[in-house]
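Look at the two complexes coming up: chain A is in both, with chain B in one and chain C in the other.
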Partner chain A sequence: MQKYISEQNLNTLIDTLIAAGTRVVAPRMSAGIPLYEPLDSSAEMATDLLPRRSAKEAFFPVCEEIMSYEKEGQQIKLTDVDPARFPETVLVGVRPCDAAAIPVLDAVFSWDYKDEFFLERRRKTTVIGLACTTSDDACFCTAVGLSPVESRGSDLFLTPLEGGGYACETWSEKGEALITSNSALFSDLNGAAPMPLAAPQVDKIELNKVKAWLDEHFEDPLWDGIAVRCVGCGACAFVCPACHCFDIVDEGTEKAGKRRKSWDACGFWKFTHHASGHNPRDLQPKRYRNRIMHKFKYYDDKFGQTLCTGCGRCVRICPVGIDIAQIIEDISRKD
Partner chain B sequence: MCDNTNQNIYLPYLATVEEIIDETPDVRTLRLVFQDEQVRDNFRFRAGQFGEYSAFGAGEATFCIASSPTRAGHIECSFRSVGRVTEELRRLEVGDSMGFRGPYGNSYPIEEFYGKNLVFIAGGIALPPLRTLIWNCLDLRDKFGEITIVYGARSESDLVYKRELQEWQERKDVRLVKAVDPGGNSPEWDGKVGFVPTILEETAPSAENTVALVCGPPIMIKFTLPVLEKLGFSDEQVYTTLENRMKCGLGKCGRCNVGNVYVCKDGPVFTAKQVKAMPLEY
Partner chain C sequence: MSTQPIDTSIYTTITAAIRTEASRLFTAGEIVAIVGYAAARRKGAAQPIIITDAAAAETLVFTESCVNNLAVYLTKAKKEIPKNGKIGIIVKGCDLKALVGLMGESQLKREDLYLIGIPCAGVLASTAQPATELTTETIASKCCECDAHLPLGCDFVPSIAFPPGPQLESRYSAEIARLEALTPAERWAYWKEQFAKCIKCYACRQVCPFCFCEQCLCDRNKPQMVDTTPRPAGNTAWHIVRAMHLAGRCAGCAECERVCPMDIPLNLLNRKMAKELKELFDYEAGFEVNDTGPLTMFTEKDDQSFIK
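Coming up: the complex of A and B.
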């Protein structure tokens, strides 16, 4: 289904949803930083901003409680989290690179054991993607096979039109349901042309060639060459829409407290440090190698997907200028 | 609770500490009984599987289940106190509560061992992952051929499960070869003196129709595998367990991988052939 929605009606849709108790998450300024965050009103939405962190935290928060405990003498009482804490949510103005990462994350959180913290939020969320009309020199979605109009991961996909408003295409039943229940806000397309789309200045990288090289080069001087600069700050993992490694930690006293699941990063020394003192990834090059291997080989081996959508956030944020797009392009050109 | 049907896969079972055994000055065994009656009755695992043990307020630590699946009604874990969680677990007293998630991971293919001779080779604190299988096999004794156990530690006081070593030594249907490193023995020591690979070479078990199960520190494994090869064992006849730092145990948190192999899901039990195919990341 293809429909038209004006900017004003999109704002009305958002305010109607908020009034009905739905959590609406969209890019907004948050203490000087653009982030995907719950809106109090449509006026806060700033779709022209690229949020500093990805949209994954709508499903996989930076830190969340997974249970709590209370001790009374020798007895312990555990309290599960209340599933009601995962509200019905509509994510609006999601960048194609962020939306495309969501089905990639589905794979790891749903294989074998089901992580309901992720999956229940996923079920309760409708994703409205938005085509990009601008890009910067860190964007490389086109290098990893995606594009500024990629609709993967979106239930509804908006493309800005010349003269204002959006073409709105449905990609799932959830998307259709949202239009159907707010049909007065949508009309038929008026024939307006789409706005000129962003055009990241990078060529498609042959990811199969990258993988083929990685298959054979666990040991390679390349890793030392790249990672000699890496300071192991983990920022790349924290801004990444597809990184999903996490830690489980207790926070509290002997009497009571909470167990939390929080983002972690394979760039950290402690990530793989054994209690014995042994560390299989004791040096930064080994840790950076794991980052590249996980994204372009291991995840592919296991789930047939690439753990990178070319959002460019890690390139923008890296304090020492490590450019993952350049690295995989170089690898794709190796014999 | 923490099986595939549970909503919250991170929620542990509660268990009561039923017995505490000090194996060495810093290794302790806890015998745990699940508090929920249904869990107690229905809990099943296979030798080789592991769990996440909770000391609430400190967190979770990963160990194998050290008791045998043939001994129902409880599970046991043995651990050295080296970190925050294990220090807290060590503080627990009989009757105290703790948490357990599991069983996780693969297991020894024990049915494939029926009719074969078994050689267990362990060093130091690495006996627990084999002890589960040793008792499993001893409880099904007539299904196996000869059973040989080669176990060494740095010193006499570092040997774990001392009462069981005594029991295995006295049994006619088990050949126990126990050893301590040079300098680790008292004048009364009735075992061998030497390193595990050397003792194994002296013991010289036949490779014919035999499976070798090895568990120990990396340095012991490194020198033991060539000895097994010399004795005629192929890499498919040799099993070991790997361990890496883990958090979830469920193939999600992303830290225990050795190359593209998840120790928590694809392991922890591997053949020497599988281990040799992995990159050196364990």
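Coming up: the complex of A and C.
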């Protein structure tokens, strides 16, 4: 189903949803940086800004409580967090690279263990993607087989039109339901042409060749060459829409506290540090190798797709300028 | 004040000079490696590189995108860099102050290093795209109060006549003055909002030349001194630990602030501590190796007014 919605009506839709108690998450400025955050009103929405972190946190928060404990004498009381209390959510203005990462996360969080925290938020969220009309030279969605109009992961997909408003395409029952229950805000397409789309200046990379090389080169001088500069922070993984590692810790006192889950990153020295003191990934190139292997081989081995959507965030924020697009392109050219 | 361009034409000459010198050093067998900068894929971008032979000397560059403080690669925290001979390193004045600090803390020996100093007119702010022209707007804040355009005590510095540059307005002192004028409650509210942005990626720690602890206190869990989750308690504790541990040591390279993906103005904390150190101990980071840091030495002249 293809419909038209004006900017004003989109704002009305957002404000109506907020008034009805739905959590509406969209790009907005937050203490000086753009982030996907719950809106108080449609006026806060800033879709022209690429949020500094991806949309994954709508399902997989930076940090969340998963249980709490209290101890009195010999009695220990454990209280689970009830995922049923997670709010109905509409995620608006999601970049195609962020939306495309959602099915990638679905596969992991519903694989051998069903992560109810992720899955319940996922069930309760409708994703409204938005085509990109601007890009920079860190963007490389086109290199990994996606595009500025990729609708994968979106329930509804908006394409900005010449003269204002959006073409709104339905990609799921959730998306259809949102249109049906707000049908007065949508009308038939008026024949306006889409705005010129973003055109990332990166050629498509043959990911099957990347994977074939990685299959055979766990040990290779390449890793030392590219990762010697890596300083071992977690910035790339934390801004990535597809990275999904987390740590679980208990915080509090002996008497009472909470068990929390928070983002973790394979770039950290501590990530694979064993209780024995041994660390199988003792040097940074081994950790950086894992980043590339997981994205372009291990994940592909398990789920038949790539763990990278070319958003370019890691390229933009890497403290030492490590450029994953360059790395996979170089690998794709190897014999 | 209107935006004015900053002349970076000297960087072309500097690039040529460091390539020639690097090539000479390898050919003469004086060094085993050089830590420098090379061009990266994105237009105008540069990234750190470690080269080990004369042939690679041609990859070295110096531009306004050469923002990193490469001193971090020489610390014991970076085990990946072979330290089996004399190492050359490209240093701006601010970077050199960090190396000098590391020498003062017995982390590096001067005789193990070959210092290639850069006469520096400034580098780009982290908010600027790499291909941006260097102007009074796009220049990094640290460069606006730089007193180290020409590093001293290096083994090699390209001889360059600095073109006259525009007057730069200090940003940190203005912001520190603004924060100092707030009430403690307002100031606390400001920092609470800033620390709330922290996602504990530890980029600030990993790029800091002075964060060379082989196991950071924050990575220890027996006992767990600092909460690891990105929440108010652990975030605040981490940033206070960081600021305090750097007081009297931080050389002002502002790498922590540059790399923060959440734009937390971390260097404000460092500048404020530096200001206190200057007032209390007449100490500031410089080019002279000093093995008695202001907070590691007691003298009878030390301020004791805090004892009440």
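Please note the rule applied: the second predicted complex is superposed on the first by the 333 of 335 C-alpha atoms of A that agree within 3 Å, B and C clash if a C-alpha of one lies under 4 Å from a C-alpha of the other, contacts with A are read in each partner's own complex, and residues count from 1 in each chain.
By definition in this document, a contact is a pair of C-beta atoms (placed from the backbone, for glycine too) under 8 Å apart; a residue touches a chain by one contact, two chains touch by 3 or more.
Because the structure is a prediction, the values reported are computed rather than measured.
Engineer: Which holds for A:271: it touches chain B only (first), chain C only (second), both, or neither?
Structural biologist: After superposing on A, A:271 lies in contact with chain B but is clear of chain C.
Engineer: Tell me the contact category for A:103 with respect to chain B and chain C: first, second, both or neither.
Structural biologist: neither
Engineer: Report for A:294: first if it touches chain B alone, second if chain C alone, otherwise both or neither.
Structural biologist: It touches chain B, and chain C stays clear.
Engineer: May I ask you to decide whether A:69 touches chain B, chain C, both, or neither, giving the answer as first, second, both or neither?
Structural biologist: In the superposed model, A:69 contacts chain B only, not chain C.
Engineer: Which partner chains sit in contact with A:83 here, chain B, chain C, both or neither? Use first/second/both/neither.
Structural biologist: First partner only, chain B.
Engineer: Which partner does A:302 reach: the first (chain B), the second (chain C), both, or neither?
Structural biologist: A:302: touches chain B, not chain C.
Engineer: First (chain B), second (chain C), both or neither: which does A:115 touch?
Structural biologist: The first partner, chain B, only.
Engineer: Once the structures are superposed on A, label A:253 by its partner contacts, choosing first (chain B), second (chain C), both or neither.
Structural biologist: Once the two structures are laid over each other on A, A:253 reaches chain B alone.
Engineer: Considering each complex separately, which residues of chain A are in contact with chain B in the first and with chain C in the second?
Structural biologist: 247, 249
Engineer: Touching residues of chain A toward chain C in the complex: what are they?
Structural biologist: Contacts found on chain A: 30-33, 52-53, 62-63, 136-138, 224, 227-229, 231-235, 237-239, 247, 249, 251, 260, 262-263, 265, 268-270, 282-285, 315, 317, 319-323, 325-326.
Engineer: Which residues of chain B touch chain A in the complex?
Structural biologist: 4, 7-12, 14, 16, 56-61, 80, 82-83, 86, 93, 95-99, 218, 243-245, 247-248, 250-260, 265, 279-282
Engineer: What residues on chain A touch chain B, complex-wise?
Structural biologist: Residue list for chain A touching chain B: 66-67, 69, 71, 74-76, 78, 80-81, 83, 108-109, 111-117, 218-219, 244-250, 252-254, 257, 259, 261, 264, 266, 271-276, 278, 280-281, 286, 290, 293-294, 297-298, 301-302.
Engineer: Okay, in this complex, where on chain C does chain A touch?
Structural biologist: Listed in rising order, the residues are 40-43, 45-50, 68, 72-73, 78-81, 129, 131, 193-194, 196-197, 199-203, 205-207, 219, 224, 227-231, 233-234, 255, 258-259, 261-263.
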